[in-house]
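The structure that follows is given in the form of structure tokens.
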Amino acid sequence: MKPVSTTSLLVLDLAGTFVFALEGASTAVQHELDLLGIVVLAFVTALGGGIIRDLLIGSVPPNSIRDWRYATTAFFAAAVVFALHTQVSRIPFWPLLTLDAAGLSLFAIAGAGKALDFNISPLLAILLGGVTGVGGGIIRDLFLAQVPAVLRTDIYAAAALFGAAILILALKLKLPSTLASVLGIASCFLLRMTAALEHWNLPKVLNR
Amino acid sequence: MKPVSTTSLLVLDLAGTFVFALEGASTAVQHELDLLGIVVLAFVTALGGGIIRDLLIGSVPPNSIRDWRYATTAFFAAAVVFALHTQVSRIPFWPLLTLDAAGLSLFAIAGAGKALDFNISPLLAILLGGVTGVGGGIIRDLFLAQVPAVLRTDIYAAAALFGAAILILALKLKLPSTLASVLGIASCFLLRMTAALEHWNLPKVLNR
Amino acid sequence: MKPVSTTSLLVLDLAGTFVFALEGASTAVQHELDLLGIVVLAFVTALGGGIIRDLLIGSVPPNSIRDWRYATTAFFAAAVVFALHTQVSRIPFWPLLTLDAAGLSLFAIAGAGKALDFNISPLLAILLGGVTGVGGGIIRDLFLAQVPAVLRTDIYAAAALFGAAILILALKLKLPSTLASVLGIASCFLLRMTAALEHWNLPKVLNR
């Protein structure tokens, strides 16, 4: 069961990599990092989550170290941002949000599916789906010496976990793996988009 | 030689996980993270040190990824803090310090013992005992964009290293492994408690 | 092909470790960390890059966990800084810059060569050479809650990547591995020294 990682779906995986790398590189520009910082943030934002997942499940070297196409895609996104930053920064909010939600959904479901392939228990596979989806963004924020945004606000990692849980539930119900993947991806995507549209947030503890 | 990781001692390991997760979750509340942030900080504070140790000694997937009971324990602690934060925040200082020192001691000695099982040299096994004890707290502080407290002040990591060193010395002296573990745990615990009671700190370099 | 890691070149590797550990420990003193902080920053600055590389290529346990001489060298550097900080802080700028550039060059070329040994593709081997050279400094900066300097300014990581690229180009041209290593090391060293002398920086995107 390799819901998204098969050859026929490689293009989707690389598309998600490109979107996340574009966002990482743009963040680097906003924080006045130099060309190397742009490349590094593109790389870690796009590939960091999958690398952590692969280290944790024992799939070493990680996919994006083994296959040069991932790094090349991230570099290409960094080059696009470096050359065309003004144009990239003018991409309207909604298309970018939609692409980002699509990338998050693909990464989370692919990550949870790969964890299952490596005999990780369902609970941890859901978590590793979340790590795949948001781990790169967490590393990006740490590199910028900021508390990761995903820990403070918004329904983002929660959408990744929800989609991964739907995938695993569907697989437990013996649905075909393609259908299970589609259901997982759609669940994550719809929750993320609705939450952004409705400004949903996770609850906090009222701290006195 | 598995001083703490055997089935009969699993409950101790999970108790340490619960205490550390409780502290991580409480810190998340203090920093106004949302529910996801509370869960993540509970998880990384409790399990991050052991995960780093396992990655470094080549025990992959790490114990807490392989066995769902660790993650479940961390989530349970996060739920307790989320539901009962006011009550948790009223736990007096001394019981909490004592439980934390006990958790530190168990983690450090279990970590050093596991490193030895994987044929790591005594010096590095001591270090990996320290990493097991304090690694989670370091990741928690990094996630909060703070210099890890353990690097600046207090006898905390030093107690973990001391306990791990006593364990390894006792094993070199051919003491039975259970006795060696008890000696290591007691050494770490007593040093930590005395240091907290007496406000001991490690020396600093007077920087001009 | 093990350009720098063979027994006969171990002394060079340990010398690089010593220089980087000295810098990490000195930074810890400047930030008023305690003795444990000094030791930890010495260790991660000197050995962090190689540890990340080894985890990513699947060489586990990492070299510096397997061989106690690396940790011992880092501790010795920490002890030197702790005992003789005033004297160490008076080392003039140019000798320190030269030693640091030499350490960077050795680490980057050794890192790229080891990645090739583990069948990593040339592009990723260059990147892993860069990670070996600058990864430790990035972890040091993260521990100090700062944006890694290497992402913002200076030709530093770029020199590591350039040297690693020259090594791999030379190997592709079937040059003997010793000559390829020397060319890679010299390229990195000369670019780093020239950049420091001429105050070269990588370009940034003018962000409005």
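Order of writing sets the chain letters: A, B and C. Residues in each chain are counted from 1.
Assume a contact is a pair of C-beta atoms (placed from the backbone, for glycine too) under 8 Å apart; a residue touches a chain by one contact, two chains touch by 3 or more.
All values derive from a computational prediction rather than experimental measurement.
Contacts between chains leave no pair untouched here, as each chain touches all the others.
Taking only C-alpha atoms, you rotate chain B by 120 degrees to land it on chain C; that is to the nearest 5.
Each chain gets one centre point, the mean of its Cα atoms, and the points for chain A and chain B are 30 Å apart. Under the contact definition stated at the top, the residues of chain C that touch 2 or more other chains are 55, 60, 142, 145. Those residues of chain B that touch chain C in the shared complex are 55-58, 60, 118, 120-121, 123-124, 127-128, 138, 142, 145-148, 150-153, 157-158, 201-205, 207.
Note for the complex: chain C touches chain B at residues 28-38, 40-41, 43, 51, 55, 60-62, 65-66, 68, 71-72, 81-82, 85, 142-145.
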